[in-house]
Amino acid sequence: MRIGVPKEVAANERRVALTPEVVGRLKKGGFEIVVERGAGSAAFFPDSAYTAAGATLVDRAVALGDVDVTLQVQAPAAADVARYREGGAVVAAFQPASDAALVRQLAQRKLTTFSLVLLPRITRAQGMDVLSSQATVAGYKAVLIAASATGRLLPMLVTAAGTLPAARVLVLGAGVAGLQAIATARRLGAIVSAFDVRPAVKEQVQSLGAVFLEMAIEEHAETAGGYAKELSADTHQKELAFLAKSVKDADIVITTAAIPGKKAPILITAAAVDGMKPGAVIVDLAAETGGNCELTQAGVEIVRHGVSILGPLNLPSTLPFDASQMYARNVAAFLGHIVKDGQLRMDFTDQIINDTCVTHAGEVRKS
Amino acid sequence: MRIGVPKEVAANERRVALTPEVVGRLKKGGFEIVVERGAGSAAFFPDSAYTAAGATLVDRAVALGDVDVTLQVQAPAAADVARYREGGAVVAAFQPASDAALVRQLAQRKLTTFSLVLLPRITRAQGMDVLSSQATVAGYKAVLIAASATGRLLPMLVTAAGTLPAARVLVLGAGVAGLQAIATARRLGAIVSAFDVRPAVKEQVQSLGAVFLEMAIEEHAETAGGYAKELSADTHQKELAFLAKSVKDADIVITTAAIPGKKAPILITAAAVDGMKPGAVIVDLAAETGGNCELTQAGVEIVRHGVSILGPLNLPSTLPFDASQMYARNVAAFLGHIVKDGQLRMDFTDQIINDTCVTHAGEVRKS
Amino acid sequence: MRAVSELSAILATALFIFALNWMNDPKTARRGVVAGIVGMTIAVVATWIQPEIIHHGWILLAIAAGFVVGIPLSLVPLTAVPQRTALSHAFGGLAAGLVGAAEYFLWLGEHGTGAAVEMTHFRMGALCAEVILGFLTFTGSLMAAGKLQEVKWIPQRPVTYPGQNVVNIGVLAVAAGLAVAMVLHPDAPWARTVFFVIAGLALLFGILLIIPIGGADMPTVISILNAYAGLSAVAMGFVLNSKLLVTAGALDGSSGLILSIIMCRAMNRSFTNVLFGAFGKAQPAVAAGEQKVWKQETVEGAAQLLEQARTVVIIPGYGMAVAQAQHKVAELYDALTKRGVIVKFAIHPVAGRMPGHMNVLLAEANIPYTALVEMDEINPEMPQTDVALVVGANDVVNPAARYAKSTPIYGMPIIDADKAKTVLAVKRSKNPGFAGIDNELYVLDNTWMLFGDAKAVLSDLVKQFGSGGIH
Amino acid sequence: MRAVSELSAILATALFIFALNWMNDPKTARRGVVAGIVGMTIAVVATWIQPEIIHHGWILLAIAAGFVVGIPLSLVPLTAVPQRTALSHAFGGLAAGLVGAAEYFLWLGEHGTGAAVEMTHFRMGALCAEVILGFLTFTGSLMAAGKLQEVKWIPQRPVTYPGQNVVNIGVLAVAAGLAVAMVLHPDAPWARTVFFVIAGLALLFGILLIIPIGGADMPTVISILNAYAGLSAVAMGFVLNSKLLVTAGALDGSSGLILSIIMCRAMNRSFTNVLFGAFGKAQPAVAAGEQKVWKQETVEGAAQLLEQARTVVIIPGYGMAVAQAQHKVAELYDALTKRGVIVKFAIHPVAGRMPGHMNVLLAEANIPYTALVEMDEINPEMPQTDVALVVGANDVVNPAARYAKSTPIYGMPIIDADKAKTVLAVKRSKNPGFAGIDNELYVLDNTWMLFGDAKAVLSDLVKQFGSGGIH
Amino acid sequence: MTSDFGSMLFVFILSTFIGLGVIRRVSRLLHTPLMSITNAISAIAVVGSIVVVGADHPLGIRILGAVALFASMTNIVSGFLITDRMLKMFKKR
Amino acid sequence: MTSDFGSMLFVFILSTFIGLGVIRRVSRLLHTPLMSITNAISAIAVVGSIVVVGADHPLGIRILGAVALFASMTNIVSGFLITDRMLKMFKKR
């Protein structure tokens, strides 16, 4: 079976779908792999490494058009759709909901497209879970960004020039990204506290040595699947009030609150920001989905009297080497799941295949 | 005695010479303090805080011209010299050697100028040692910069998407900045090794849990004062060869090698850089004094096939809040030392005063 | 002569005490053995050279025979050591019993001829005690040895029947009763017969005592029999009025007793239960032998296992994180490596609740990266691993993932903790982990639980290495 | 009656042993006291009710007197406890001596009238031993008590003179020699006189024994005298042929001996030196009392100090970093806080070799920030601090910085470790720190050194809390 | 007699061992109290004194005994009392 | 006799205490060797047997004694030997 890996064309996307190491593994698995020239260079994987691993370097046209399955990170570019082989397959990580038109195009082209962001978070699928792997990177990077943006050092230092107290970091939403942020901030010596609506999270936060902020939430904010539900209006009000107090003495706030498929919940109102210390920093990981802070503007830094609010986009791409490593392994695992002796097995009774398949045989399955 | 704190005018200098907290302490010490409007805003110290601490907000003219001592971070701007009160005193942190013209101007203006970078590194002076306090900030920040610039995560992570090995950080020159860099990189989970020519450093490196790279150095590279000497040509060659090998498998190299008053020694040749991994990062703290890497260009990032070389300038200013805190305490300590019951004591038998006084009574004492 | 024996007795006693003292510490233990041997030799010689001893040939012969049988007995494979010990208890008991009998008949014989050593009640009592203890130890130990050796015609599994207690106690009571009678009328015409009856009952009781005891309890029982043997020696001492016998016997008896108690605690069994065989209700630990249940290990036991191991693999999970036990784990790691044990950490990709969860914590505790091994690398090594220490991990070591299609974790690769020679698992309760499914690992034959908060359990464990207890 | 006393003797002995056993553990210690009292009462009563006792009035009187004096004696301020103990040893010795004398004269008296209990050599020997030990303990203890109480006409400081050893040994030898003579001819006409001479020499020797001993060694000496008192009781036991006396005496004697040895080790003094007073070369530790030298503490001792403290301030320095002892420090912190001790870390601004050096390490070891206190905040608290534990810090706690203008560190603010009630300092050698100047802190009266690598020393220290030793 | 002497020696040895064993294990915290309690126990000499003073002996002897009895009694009383006092002062845990 | 019985009891009690004390302190590692050495020591019954077999007693008695002697001797020999063997196997540290 022939696999194609194109160069990512989306703006500031530096990741690549397969790394040389994974290429090598797939080769052993009997796959034939073609890689577009320069596909990995932005992630520090030179073409030479790919050829060394057994891949053939090709033009974009080949990587898209002359293969059975194309592996990529971002959704196919509208301009590219026509270049994919009709009836071919594409694996990427994108929100179909966010671009219905594109999805229709893909269907028309009879492409079988899978989106890894739709993976069910079940144990079996953990090896393919790009959301987790990439959120891990994001959570880590978020702390670095915050640490650079703030005027302070994170750790406590007792020096001849006086004592610098440790910075206070508040993490809102302790999912994959949130937990990783907590761990990283703790590593740097900050005093970390965190908040989340799911009761299960409390123990997890403490398991990282951080403090969990208690807020009495009447309703049950967790779905059967272990995800967060949207909160009722008044509970949400309570939360806002509670957080407005909590952010006051924070030097850094990292927000990662998300509800799958929904717009990110607002956790920090403009008023709350006014209550914060000058020099404080908010890093809003939910920027892509609207942001957890009222003032967040995706991709730009805005400063509101002394408090800077960052809404960075696509953080994983800013650590392309490791992010790609993980993405590649995820994709490879997924490939191993959907390919059976050289053929795609379109068995929709399989939860993973069923949930991730966006378009197949000309029809749109998810939108 | 009346103390003036102007706003720093140098390009991207965000620090301020006194913080509200220190202002408060000096007030108690019987000083009268005037602060230029907005002096602290870039470091997140609003004017309100200063007034609250007992300072009076004034115009630049007053802060420079109508005080006994002006405290600042950077050297007086040439344009400003005329605005200082003739016979007044200035305390700042600058290399007189680097701008002889300015120093002459200051002398002509009969200013008594002290430069804190000239402080002897003696125990008594530790509380005033701005080089140490600011180098601490620099060493810390250098790691953050490197961590953001590299494509990798620093810590080791075993995840469902495979294992990410810890990044390898190499620190060259383990002085104040170097040691702090080591500590910070270790905190982030990197595998840290370090090298320095002073034998005493080995134990200090190990005392931070890092590995010290051994290189047989025949000559004694340490001065009586505990500083490094310039190496003889051939020892230096040996060092270059040795380091060329060492940098090969490093993901991050942070160089802080310096010899007081001299141009920074070259530690990494262009050839050595060619030997490094794509994606590797060099952060050269010695950029100001010429850089430890042959390719370093002060203030800009250059990429040599995959290896990016950063020569950041004035890092302390990028963490203005804490950097100013420490600077202010240093300056206050120094003030306490040179002022005796309301008068400057120009006692040149005192090592600290003698070493730091650049101009006095119209003559240039250091250049 | 008298003085000589007095002094030699004191000397021997002192040596025995030193022997036991030195046994406290592996370093001096072997010196202890030497002391014991010397003491014993002195005792033997001192007795031998007494004037009344004349039949040297006999003695030589018996001693020689002792060596002939004893040496091979000491070379049994280590697996057979328990049997060996039991067997020698049997010998001990036999000896005591016989000497007792001999004494009695001697007395009877000389009784007519007034040449007899006067037989006080106290003495007669001691004599009976000696005989009873001696003989019951004899048969009891034989049975125990048999069971352990799995001799065919001895039932391995505990045999219990209604009213067992009544019977056993009955037998013992009768024997005791008769003994009392004899003490009161040592020279009654019926005394001789009664004596035999008593001996017989003792022999019988020994058997009855062991029948209801299961393999799990054998070690304890053996050490109790050891104590009995000691007590019979004491009794003999009273009869022969020999302080040496009394001391040595008492040393053996008391230490044997404590030892059994300690053992019982270690296997959390009721001492009395074991002491009187299967008396009272059914016995958990015995059952443990047969069907799958949660077996508990004490920290002492665990420490022992760990420090005797050559290779230990620590498998941390979410529980370690919850307990924030990483520093204690690190202490354990230090303690073990310092003792030359090879310790590795097996990190499962999804151990904990976030990617790299274990890494964060272990790095904080300064565990060298080189000690962390990935699942794929460690699994091949597991079968050669002596002890797998599971610290608050559950799903990631759940064998069900291999075959139980129905479970959510089916298909997830796991760390093969179950393949290790011994598994020690630390958790607070019998609750399942994240996936909410039971974990058979915990009830495998080679698995022992250490229940409790990981931090607490591990610091207790570490203390074991700190304390003088283990060297 | 005979039986009663036999049994009561056994009972009392058992109780005494229990008493000592229970003293092993603060939790049970007080029970131990009770056991002791009961045992003693039994012993007294059992003797009292013997038929030959008839002068009950006398006994009552003496006992009453004993209470009258004893109770106040037990209420002395704790500072005076050593004297108190010494004094009571004196009493013990006196009692033994007197009884011995009494026995002897009794025998002499009845000797003519054959009514005498036969006086074997052994017995006479015991009697002499009793008298000598008793009387030397008497005067010795009195002297000791006097020195401690600083009675004016007793020289506090050790008095030594050339040939001292010869004299002392001489006196003892003569006494011993005479004793032998008496043993051989108990009823020689000169025996009576000799007896007095022996007693006199013993009294003299007691004084000579203590004269050369300095304050530092007193505690040890007292516990040796304690042992002597015990031995004299043993001797009495042999004379009166009372096992009870022998046991109790032996218990006292042996434990007293070990105790002294342990004490000596703790103060690293040669035991023999103390045992025979100032014999041999001059004594370091004695000097320690007077001039400034490095005093060492054992980890046991240190652990004891720490766990009895209410507040402990740990002062880390570069040495902690070099030894990478931060995790061990954290363990100690846990162990102490768990025991309710208040532990704080005093971080000096320039401790270590880089700004924040200590912070990095302590954060790694998970010491809560709240436990770290700045120099300026901690210094006012130092005088109320029970123990300051200096871990590899030197310059930052060097009092010279306050006044020694010549030194490079002059003017540097320091952590006032020297103001703490007790200072424990961990370092490897007597080398200076970074600034290369000596540090008088280490030789203050209230400072005790723990030499060795910080990591090693601290893990030993932590073990102390792990082990059963301290509760 | 010899036999008796023997058993005496025996008893002595054994008790010595016990004494040694006991102390070895004692926490250093308890050394001082321990010393004072053993001291009190060593006052077992009281038994001897009672015999001397109580039995029908010449006056002189009895006086000696009385003094001895008084002395040991003081020991017993103060010894036990002070031990208890010290123990009372241990931290409750 | 009573006196003797008394001292016997005394000796017994004391030794028991020692036995208890000793064991309490032993490392669990050493329990098995310990059991086998105490077992060997308990074979002190050999002393009794020697008297029985060696003295000038009727044949029957002597035979009993001989068997007893043989039995205890076996114990002694195997007991000590195996203990030593076990100890040999401890890791050298």
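All chains are identified by letter, namely A, B, C, D, E and F, in their written order; residue positions are counted from 1 within each chain.
Keep in mind that, in the parts below, contacts are C-beta pairs under 8 Å (C-beta built on N, C-alpha and C of every residue); 3 or more make two chains touch, one makes a residue touch a chain.
None of these values were measured; they are calculated from a predicted model.
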Output for shared partners of chain B and chain E reads C, D
Taking each chain's centre as the mean of its Cα atoms, which chain lies farthest from chain B?
F
Max Cα-centre separation from chain A goes to chain E
Pair sharing more residue contacts (C-beta pairs) when D-F is set against B-D
B-D
Specify the angle of rotation obtained when superposing chain E on chain F by their C-alpha atoms, rounded to a multiple of 5 degrees.
180
Same or different: at the chain A/chain B interface, is the fraction of residue numbers used by both copies above or below half?
same
Any idea how many Å lie between the Cα centroids of chain B and chain C?
69
Averaging C-alpha coordinates per chain, one finds the centres of chain D and chain E separated by a number of Å equal to 18
So what's the Cα centroid distance for chain B and chain F, whole Å?
79
How many angstrom between the C-alpha centroids of chain C and chain A?
58
Hey, what residues on chain E touch two or more of the other chains?
3-5, 7-8, 10-11, 14-15, 17-18, 21-22, 25
At least two partner chains per residue is the criterion; list those residues in chain C.
13, 17, 21, 243, 247, 349-350, 355-356, 360, 363-364, 366, 468-469
Could you say which residues in chain B touch two or more other chains, in rising order?
126-127, 132-133, 136, 155, 157, 159-162, 164, 187, 189, 209
Sort out which chains touch which and give me every pair.
A-B, A-C, A-D, B-C, B-D, C-D, C-E, C-F, D-E, D-F, E-F
Which stretch or stretches of chain B touch chain D in the complex?
122-124, 126-127, 132-133, 136, 176, 179-180, 183, 186-187, 203-204, 206-209
Which bits of chain E are touching chain D when the two form their complex?
1, 4-5, 7-8, 11-12, 15-20, 22-58, 60-62, 64-91, 93
Quick one: in the complex, what on chain B touches chain C?
155-164, 166, 189, 191, 209
Contacting residues of chain C [partner chain B, same complex]
347-351, 355-356, 358-360, 363, 366, 369, 372, 374
Per the touch rule above, chain D residues touching chain E in the complex are 13, 16-17, 19-21, 23-26, 29-30, 32-33, 36-37, 39-40, 43-44, 47-48, 50, 52-56, 58-59, 61-63, 65-67, 69-71, 73-76, 78, 81, 84-85, 88-89, 91-92, 94-96, 98-99, 101-103, 105-106, 109, 118, 120, 122, 222-223, 226, 229-230, 232-234, 236-238, 240-256, 258-259, 262-263, 266, 300-301, 304, 307-308, 339-340, 468-471
